[in-house]
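Below, chain A partners chain B and then partners chain C, in two separate complexes.
Right after this comes the complex of A and B.
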């Protein structure tokens, strides 16, 4: 703990409302569906009704009779490839080889959305059907099946560290368990939508994307255009959590339909389309082995996993469907063998920390099982084993220990945790507590920013962020405001348009603050240096003895105000001073940059009905320096809420007869509402990382399911190993025990 | 099915308005497309998310599953109608200051649901009453703790008056 104590914070905590809270709370923020474009047409997709086959014919005669019908496009006349849609294979925007019920075959364009929906429902499609598979087992067991010509699975991806066999044979305790997680959906509240129009060869797209630049580059590549010919605008969007990454097929469909009709076209997905046609999280079947000695030292972990990745997968790293425990625990050895298995079911891809929570669920449940087996307090078990440095080198900063120790203190773990059989059971309600930890990467990379100040002293930050709900605009404004010394209230942001803003990686992979924020910081420093030099000239005082605070130039030491930034600007004769900066921070050899968290949950289990209610939750995070406490806390709470859904209610039901989704509706796929969410306390360590603030958006969901599962075990003595936790399974186990 | 039209008259954010609408059109589509008030959002189109909530004669309803024609003669208030002289109402300010919103897509509906709950309560609401009352409005960003805080603060302040 001493190392932690030494690194004292220099700056006070910042906690500010969002820069655009007013627009969002007053209904003034314009989302894609809120755009009213003159002469706009509506397009509606039509999709496959068979799980696997070739499209042999399309009959549009009935559709064309619908009043308002304008155009139909399909796989028979457009073979555009959506390159970002499937990493390992060719995925067409309109599939001629359909691979799941709901695979997009074409789109109908009409003058109203009612007409488009009607006409799309009247399109007839003839198929030549092919053998299909809806489960991992049937894919691997069917030699006739050809979901893809070059094989029906990805992998195995293998990781190996140390001598696992040796460690397993010499360890005193070895556990073997099976865990599973379900297919899930991101469910952004704003369903997929895109508007496109052409002006000659120039394409404009109003996109609900997590990255305007990524979207532009993807569209340009797929349509064979120079990126400069494509403008993507995306000011406000209703969440994405990974399923609005870069360019989506509906952006391409809008562009294709607009080019054909010569009019602006809006492609709008219904909630059902969103569930079926936009990717969610893959499921996992995991066999784990863990070896430890009697004192609780974990020596080796082995993971064998098969993941149902649907008919297409957008996941970015080949076969990387499970993360190992290598960034949670220091073990002597570990190895993993991971398969991604294709099935004739909807696509999978990014969802908040793509492989993170599936891996934490199994590893953190198993560590809990091991602790119980050995009679060790689960928090002590983690303190004995958590990672201090990676095998290959060192972390740039590591607040893991502080998260576990202080989190346990704040939660009152020592007072609240008792061995399962000693937990209280009052009038049919069993209460218990659980802990789980997690880590996630915190990348660094290319950032661009333009920061300027005008003659009125207003600070302007121009970046290509889109602010999908992460608070990125606010974060960028606060970084600049803090660095230059101009009040947040006098700071404005330009964002979300490839025409006006420099490149940003956008909001995915927890990267915006690390990538784009670094450029904002550097540009702001340069801007401040210029202002100080103006002050030096104006007042005859060396710039090294000057500072800018609250919009004023002050003398260091005595703090006397010399002039305002506005006066400095006017004295300089500049209408605006602009700093345009590109940054490319890179880690030193052997360095790894990670964020860490420890979560603590309390549950109340109704032994009669099996209902699990979260009654308390606490999260302690190391994400380095926190730019804005208020929005950071919100982001952590949000990840936890999503994790609670994954633990208790969320599951895409896949039909055993045709692989279709049986619950493509918010009535049937239950995301948490306010009654299911307890008070969530959030704490941050004061860790200072040499490269600036670390990542935050994804890690909060990672430890949640295991923390809850471990609490259920603590309350009832029943270990649930399949997500979402089922009441039936819980009640069955409880009955067996009686 | 041929389109039939209907001469719709109702009060929208305090003003008498009328429009010729397709009888199949939902209130949500008419508010958004005909009257250009885009604060209410379409999240599910089946009254399962609450993003389209508006006040109908003082009570929150899902405008996505209500036909526009059903509003005939009634009073509709959307999130745009809550502000006072172009400034956010106290409930909206509470949402802003508490950070009771992230992506903002459900926010209009949350605020309308909260307004309905608070306007129709005769006393300060406790947390569980607010949780129950707001349970028809989902927030995928998970701002529930902060929404609860904003609504509860507003309830407390109103009753303190």
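Right after this comes the complex of A and C.
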């Protein structure tokens, strides 16, 4: 291991701007909304105005009078099921049984965006209303309620190991606390959009999707087509964070409206539609118990959680609405019981590490509470308990300890942390620091890639990635460039089209680098081997004594340049050498692969108003080998900014009277802005994982809320247990203590 | 998306503008930076006729204006001066620093690059930053009508109610005069918002003048607590003429303000918290202003 570490450190850190930075910055990148398709029509959805009921009739007479009106489709004449739209039940694209205010009933197609919008607003719908519920309590307490015929909740998911009864009874310290987190929205910069057109039985969809292949497969399944009949194109994205995952209902709506009208159709959501009709993060109510001994060893954790999952929940594994912290600490026992509870409110589903930050918030706040109770430094508390290996098995690599120790060093924890009661300021501004840790999955799986070099010596990487903002295209180019030895500047990428690119898992679950990247690496190795053999023939030197660096064939040892790759290619007589590779890496028996992080925050609290300002933030991550520092740091910073929103500003306000979203706009749903974000310092460990780079996209959001909450406690002595933290609650608590 | 079609005019001179206003009597709405009007149109408020005065360059000037003796008596800020231009203007920063400070705190840079003083005052939102500060600074509003007939009235007389001013629909607010004082100045502006850069829930704008011995003037303007921005005259008189303003005086004034004024109810903050904050923010503004004068 030591030798490997040394070699790793010798390798210079790569830090390149995105391969498409120029076209993005210059406005040349063509997003879905920029597509101008000949004869294109515009579809606009119309939605339920009641929280729960059956659609009994639709009056389109007024809508049809709108100049530009072309067609109307609704639940009365189309019963397509959107299978990816709900995990456990059947969800129709156009609902006849509407389950929330905003549930999609149908769509109007017209010649202009404005005509479509006007016509859709004139559609009249008659309902038979049903009892509805807008909270977890009312769903569980109402036997008349039938959001779904076979029950209004999912679970319990039980997850346990060890003898938790025993551990709780013998432990010296037991804490019990309640924590809650709010409903959130992903808020990608680019709202949902899709364009579809038919050529006979062949469907083309230009989709704002996180996965062109996932999108294609979903559409094909739902419309009863062979996947080969569906082409999905997705070149540039304005983010998704989980809510553009695979096929979305708006893709199906575009396809259905196009089939009916015979013209290309664009479905474009407004920001308001995006908030209401595309899923966000579920809320949680969590009761935690934690048992420890006086020395600070955590013996057992018990989590009982109920989550408001809205009227529909996307493909979240049954019951896994709380997940993650069982992989932070080595406890003797863990006992979780989790329910997902349906309500007549908009859908929930994937959002960056779907259950991660909710789960980390409660556990990481509670570990901090425990540390305080025991008089232990919160960093020491983590060092005493962090997980070294899973309960049964071992991690492929584990840089957790390094994240905590080095993170604390870089942050200056020892100098900055003081017991809350020692905080000097009793009025004015109080400052404090907090720490939280986290871990997340780092999967391995099916990858495909085509890597080639042409006669000019240009390297070409062809994968089915879409690059939702993760920098996936850049990552793939850097992996290939680094492996083959051809400069990044001479590397081009083909991506984002099911017709031209091989399968990729899509940008979700932090999988692209691990899955598709592995295939790119393997294809690149094979390509390099071929080039070396050509070199062997050309120069009469054994390929084992040759290397390719900076686009040149060189002799190992003395480094003399023998010829350029371009000359090699011309000598070989090949116009292009192509390697098409499929990889299927699997973990060995007992192995688990995880990423780890430790986060440190400093806050300043105005003791007169309760306002919290985040003044410093540092993140230390183990994601194995980092392919590109620049985009990796951006990923971490982006995740932390989303976490800051979750901690301090963001909350979907759900109406108590009809379950609708009261703040479906960026004016009222507050994502953090630059003045609320301190400089975020990002560090990575030099961990080497035998399977290559580990995951990164999701973990940065996980520890943030607790790190901030713990800093607020450190500054004020007030423990806030509900997200987002409220200045009003903080001020109230401060006054109560006086 | 603005769904309803509207007529759009872009006059190059005041004369041309008045012609259009007269022609579309009662129907036309003047637009400058569009930071209030365009959101309203997107929300579905119909504006059948828009007169965009942005190209009338004479309305952009910020300049010092003298009294008869050649002494600087006021700063004249053209209606089209943006918040950003006001914030950066040397005459404003030097002579009316409270105005510069207020402008620098409005919304976000994007809003400050477009929003104009004339637009803000004539839109007359009760909680608008500039309405409160114009009132605190005893601003004089200059209004021009057809035939270049000009009238001047105080901010206090100009604001009539929520989104309602003394402006007739064939008139244009052309400039605002801010009187200059040679006294030592203490000032501050504090506001409660639901999120950073949001429109104020309420705003407190404070201006103090100190002649070396006593406070010759004390102005406290509040926005968001009534139909228009208001001056808390009864509190001002407690401070005016005093040789020093103590912490106890400030607490007294803050208490009085919370007793007399009702901050608005918002969905996200309780009335109790908002009321308490009115006192806290008033206290902060006064403390900072007094500190500037007395060091």
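Here is the rule we go by: the second predicted complex is superposed on the first by the 724 of 738 C-alpha atoms of A that agree within 3 Å, B and C clash if a C-alpha of one lies under 4 Å from a C-alpha of the other, contacts with A are read in each partner's own complex, and residues count from 1 in each chain.
Everything below uses one rule, namely that a contact is a pair of C-beta atoms (placed from the backbone, for glycine too) under 8 Å apart; a residue touches a chain by one contact, two chains touch by 3 or more.
Predicted model, so just to flag it, every value in this text is computed and none were measured.
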item: Contacts of A:114 with chain B and chain C, given as first, second, both or neither; value: both
item: First, second, both or neither for A:561, with chain B first and chain C second; value: neither
item: Chain B versus chain C as contact partner of A:609, first or second or both or neither; value: second
item: First, second, both or neither for A:489, with chain B first and chain C second; value: neither
item: Residue contacts on chain A - larger count, chain B or chain C; value: B
item: Touching partner for A:529 - first (chain B), second (chain C), both, neither; value: neither
item: A:237 touches, of chain B and chain C: first, second, both or neither?; value: first
item: Partner chain(s) touched by A:270 [first = chain B, second = chain C, both, neither]; value: both
item: First, second, both or neither for A:631, with chain B first and chain C second; value: first
item: Partner chain(s) touched by A:675 [first = chain B, second = chain C, both, neither]; value: both
item: Set intersection of chain A contacts, chain C complex versus chain B complex; value: 113-114, 270, 667, 673, 675
item: Touching residues (chain side chain A, partner chain C) in the complex; value: 113-114, 117-118, 270, 608-609, 649, 653, 662, 667, 670, 673, 675-676, 728, 731
item: Contacting residues of chain C [partner chain A, same complex]; value: 1, 3, 108, 194-198, 267-270, 273, 276-277, 280-281, 283-284
item: Chain A residues within the chain B interface of the complex; value: 17-18, 20-31, 33-34, 36, 67, 113-114, 187-191, 236-239, 241, 270-271, 468-471, 630-631, 633-635, 637-642, 665-667, 671-675, 677, 679-680
item: Interface residues, chain B side, partner chain A - complex; value: 3, 22, 24-25, 29, 32-33, 36-46, 48-49, 51, 78-80, 82-83, 88, 92-93, 95-97, 99, 101-108, 111, 130-132, 134-148
